[in-house]
Amino acid sequence: PANAQEDTVQIGLLSLTSHAPSIIAEAKGYFEEEGITAEFVSFQAAQPMAVAIASGDVDFGVTAITGGLISLAERGAVKVIGGALQETPEIEGQKILVSRQAHEDGVTTPADLAGRRFGITTAGSSFHYMAHKIADAEGFDRSELSLVTLNSVPAVIASLRSGQIDAWSIVPNIAGGLTRGEDVVEIGVIADYVEDYQVTTVFTSTDIVENNPELAERFLAGFSKGVADYNAALVDKTMSEEETAEIVAMIHEYVYTDRPLEDADPAIRAGAMRINENARLNLGSVEDQMEWFKSEDLVPAEATVENLVDTSFVETF
Amino acid sequence: MELMIENVSHHYGETHVLEDISFTLKDGEIICIIGPSGCGKSTLLRFIGGLEQPTSGQVLIAGEAPSGSLNPLTYIFQDFALLPWRTVEGNVSLVLEDHGIHGSRANAIINDVLARTKLADFRKALPRQLSGGMKQRVAIARALAVNPAVMLMDEPLSALDSQTRELLLDDLVELWSREKFSACYVTHNLAEAVRLGHKIVVLSRRPGRVRQIVEIDMPLGERFERMGELEETQRHLWNLMREEARAADMELADVA
Amino acid sequence: MELMIENVSHHYGETHVLEDISFTLKDGEIICIIGPSGCGKSTLLRFIGGLEQPTSGQVLIAGEAPSGSLNPLTYIFQDFALLPWRTVEGNVSLVLEDHGIHGSRANAIINDVLARTKLADFRKALPRQLSGGMKQRVAIARALAVNPAVMLMDEPLSALDSQTRELLLDDLVELWSREKFSACYVTHNLAEAVRLGHKIVVLSRRPGRVRQIVEIDMPLGERFERMGELEETQRHLWNLMREEARAADMELADVA
Amino acid sequence: MSLDTTHAPVTSAAVPRPVAPSGARPVPFRGGGFRHKPLGFVGPLVFVALIALWELGSRTGFISPIALPAPSEAFAAFMDLVQTGMLWTHLEASLYRLVVGWTFGSLLGVSVGLAIGLFSFVRAGFLPLVSALFPIPKIALLPLFIVWFGIGEGSKVATILFGTFFPTVIATYGGVDNVDRNLIRMGQSFGLSWLSIVRKIIIPGALPAILSGFRISASIAIVLLVAAEMIGAEFGIGAYILMAGALFATDQLICGVAMLSILGLTISFFIGKAEKYFLNWRT
Amino acid sequence: MSLDTTHAPVTSAAVPRPVAPSGARPVPFRGGGFRHKPLGFVGPLVFVALIALWELGSRTGFISPIALPAPSEAFAAFMDLVQTGMLWTHLEASLYRLVVGWTFGSLLGVSVGLAIGLFSFVRAGFLPLVSALFPIPKIALLPLFIVWFGIGEGSKVATILFGTFFPTVIATYGGVDNVDRNLIRMGQSFGLSWLSIVRKIIIPGALPAILSGFRISASIAIVLLVAAEMIGAEFGIGAYILMAGALFATDQLICGVAMLSILGLTISFFIGKAEKYFLNWRT
């Protein structure tokens, strides 16, 4: 519904394809249709983005559920209002990778990961969660995975390629880039360990949820149109090649900017994962993640899903 | 204007520095204070100038300072105490500025005192360009600029080599002859004391007590020519001090 | 052993410091070098000790150093040059260690020289605990430890107050009387020069030239008592130097 | 001697006392100010007052819990560390890195600094290099450090080593340059060998400067601890702080930061002691 | 005067020349060493040699391209920056942060330092605080800085401001403490007012220490640039380096690091000039 009122919102962005819906929505004028002028704020990592939303510097963002996010939600600063990236059975999902060295050493299935070094960015990150899920499912103790905190994705990549860590798990488009080289081998998929994993969510500040819920609704509306285009173009591939190329070009404005479009194009297209239509949220997955955070003492024991999620905006399941 | 030092005693913490010092500085008179190292001469001079206060006893002023004296009690320091970042001129004007003397009035004073100390050519020089003797001349010029009633001089020549010292001693005598300022002149050098002092106050080793006050009547202007006659006084002073000086020299500083 | 200074001239970059200096230091003789500030006295002494080399001319040694002399040409410095982190004893042993003298042999030497300089009680003291006079005594003890043939002294007393200077002057005369070392003694102080020198070399202002060599025949031991008689020599030297000293003092250092 | 009348010696007791005329007044005192009264009690007082105010602000909600946790919460986080025994694990890991990195950085730094101070050729060749490399932030090199030294202790120790090396070099050669030239000349005049002069005069003379260089390099080492523990550190105070930052556990963050501050003060206290001990010859 | 024979004045020309006996030999020279010959050419030579060796190592594959890019590649990255005009964008962003952060940090630091140096109460209260806060790595506080100062220029400038504030405080009060007490006493003895003494004696006297504090704080500011630009910076040399690190673009990384080094040298050159200008009164 077109709105007379114009609002400027700051949207936090990481240079990842999973943030494409916002980019598309902005470029195609979906936000404008909702009376929203979107401004993007780039971040190098999800954690500062969450803090920036808590402090009111940024209005909306998309990231994985992390300890930092839950911690901020517990303090009444941020709320998850929708879902984004999710593992679905029909689409290629996150991969489990090992270094060539480890592979030759006999790590050929995730069950062999016991006693191996698994790279994560920070404690309480999605990588941390996935690692423990693997351990739980394969039936070895979580402590048998030795987790190496490397603080940034590039550091993890460098460590994996040089064999300084044995394993990692990551979204398919990055995984694809790595396994194409010599140094990294894929040994499994996360979907086998986490069912319908809600990888990333849309979140905003509690202030907006409480005092300006209508803005959040309009944002989600614009965002959802971006999601629909993204899925059509890159996941379901139902769009014409021409339109798809246009979408890819839009994404390239913010992602893989360091390479020319020709090089970035395949990287953007490869292994795109589904983003939930209408920003639907898999509450079951969220609950499972919350349980895991609590079991690992990464969030206060009194943390609840109710404090984290506001279910009034989107459909949950 | 007269200064009276009355029963001054002083302790620095545990150290007993001065004990019951009394003497009077009359108008136009130069008193030399001599005594072994560490006997409290500099401390005493700081009391006289009001820079520190003694544990007991007091320093009194009687009579009015001459009109036009901006700073009746004026120091000349052993280490010159010139501001290294100001020129000769700037160092003199420093002490005028706070009395609101600027511009041509200041200029006139500066010209006058630099001429009297033979520094007219060095107005724009920085202290680092000057020899020790010249630096002390600047300090004297600065002191003259405030028209002092009493000059308080703490070993003003001891940082200079002996030839320069000789030259400045002559200059001091000449300055005094023109304008009879009073002065308290602390020194280790007995020759200086007998050249300059109307009275010589001899202090004992720490705690400093007045051992003797020696008066010399010979006019200052004649003393250079008649040094031979003063030889005996000097020897007398040396005999008074020799043992004390030796003992003071042999003292171990009790720094842990 | 004799030292011959032959036609020594020197430039530091553009600065012409010394010009054609020649004289001879005989065995057992004390030569005093006087001259205005900056005329190159210290520089000349460094040439004599082999610490620097003149632009032209040379310094020659004739004859053998007395046996047992570890360091024939030995300095005593104006600023004492004691290692502040070594005790009195350690400062003396410093100059023995490099000659392989350790343990009881070193101990015997140290005992001897400390006794001769009246320092026996201060063996374990650190320099910072000592007065200036005591520090210079340590430096003298250290010099005596190497049994020098010639002592090279650069204003050894000028950092001391005049009473201490007087005391040390007596000690130097006493040391010389017991053991007739030769010495080159640089000083600004004419009184010191006439008290200690067999010959006094008077240098002119920079570039330093020999203006005159004055000989004094009176035995050193008698000079303190007969200072009056030396007054005239001293005055003669002062007349030689007065104008030059004044001009040297008035020089502006040409530091930009 | 007609004019020169030396009075008969009079003892101090007999020195005539001046009698103050009626108009006499004390000399004005003008030596006040510019001197520091020791007010040791004020420091702790200010600390306590600040912390009390902060706690009060947090309790009343004046200070938002997002902006800053209450000091009591930070203290609770500390007690947690103590009770779980993690304090020692973290401290041990960090101290190991600090000690190894700092020791080797300092040893290397002192050696290179001495060489620069003693040999013209080394100075001319290395000094520009040192000046050029000094201002490089070590944190910028972390990606390379991972490649060069791996993600184990190597890169962490190397970060600290590099950080401490340069200031030590600079302090050391500065110290050598400032050794009293007269002492060196004295050594030469007594015919001391080159080695003796270096060992007995130059090194002790440069020691004060070297020690104050240690003070600086120690504080740099602590600052670099966080950067060093960015790469694959499970334990360590820096890792603890980074984890607290990632989880936005501000209580733990403040607790970790306070630990670093205390560690810094402790080290500087010990260096102060070392200075007292080694430099007791200074006035 | 029988024994005291002053010879008739003889001019220097007439001074009898000693004649060297045959056995005479020159005094042994022992003043060598411990003096620095200026060997200005060696520095650039070493630089050039090192870079040539490095290039050679890279070309021949002796130095793995993962470990270190060839200098020529880093230079190519630099030329890229120049050609795309990004150099100025990055430089401008970084310089703005440096200048603003450093200026305010220094101004505040000098003011607080003067207060600590002049007033016993301030000293007793603040000095322990300064010592406690100084060793805290600013990077540890980044999460809080985002909350406090936002993700805009605020937090970047604040990082640099905090980093420069403390060393400036310490340098300044140290400078005030070291002002020759005799000069202050001289001022008092001439009856100068408190303000005159502070303005005309204490501040100029502390200036050398303050300027050398600036030198330190400037290099700290550069080191902190990378940390500051970790938070949501699109442009800036630090951001460029971080981005290069994230992409493992080692050529860009080395290029950025070299730019920081040059920036550091440039700033220290200018501070040297300022010292020459303001402290020309020093010997």
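A, B, C, D and E label the chains in the order they appear, each numbered from 1.
By our rule, a residue touches a chain if its C-beta (ideal position, glycine included) is under 8 Å from a C-beta of that chain, and two chains touch if they have at least 3 such contacts.
Quantities reported herein were computed from a predicted structural model and do not represent experimental measurements.
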Path length in steps (a step moves to a chain that is touched) from chain A to chain D = 1
Dominant interface by contact count, named by its two chains | D-E
Could you state the distance in Å from the CA-based centre of chain C to that of chain D?
-> 43
Whole-Å distance, C-alpha centre of chain A to that of chain B, is 84
Chain E residues counted as touching two or more neighbouring chains | 30-31, 66, 142-143, 147, 185, 188-189, 191, 242, 245, 248, 283
What are the residues of chain A that contact at least two other chains?
-> 47, 51, 54-55, 154, 158, 162
Overlap residues in chain C, where contacts from two or more other chains coincide | 49, 51, 73, 128, 255
For this entry, which pairs of chains touch?
-> A-D, A-E, B-C, B-D, B-E, C-D, C-E, D-E
Which residues of chain D touch chain C in the complex?
-> 180, 182-183, 185-186, 188-193, 196, 200-201, 204, 207, 279, 281-283
Spell out the residues on chain B that touch chain D in their complex, using ranges where they run on.
-> 2-6, 20, 22-24, 46, 48-53, 58-63, 73, 204, 209-219, 222, 229-230, 232-233, 236, 240, 255
Write out the stretch or stretches of chain E touching chain D in their complex.
-> 30-31, 33-34, 36-47, 50, 66-68, 118, 120-121, 123-129, 131-137, 139-144, 147-148, 181, 184-185, 188-189, 191, 194, 197, 202, 219, 222-227, 238, 241-242, 245, 248, 250, 253, 256-257, 260-261, 263-265, 268
Mind pulling up the chain A residues that touch chain D in the complex?
-> 47, 50-51, 54-55, 66-68, 71-72, 75, 77, 122-125, 147-151, 154-155, 158-159, 162, 164-165, 298-299
For chain C, which residues count as touching chain B in their complex?
-> 36-37, 122, 125, 128-131, 133-134, 158, 161-164, 166-167, 187-191, 227-228, 231, 238, 241-242, 245-246, 248-255
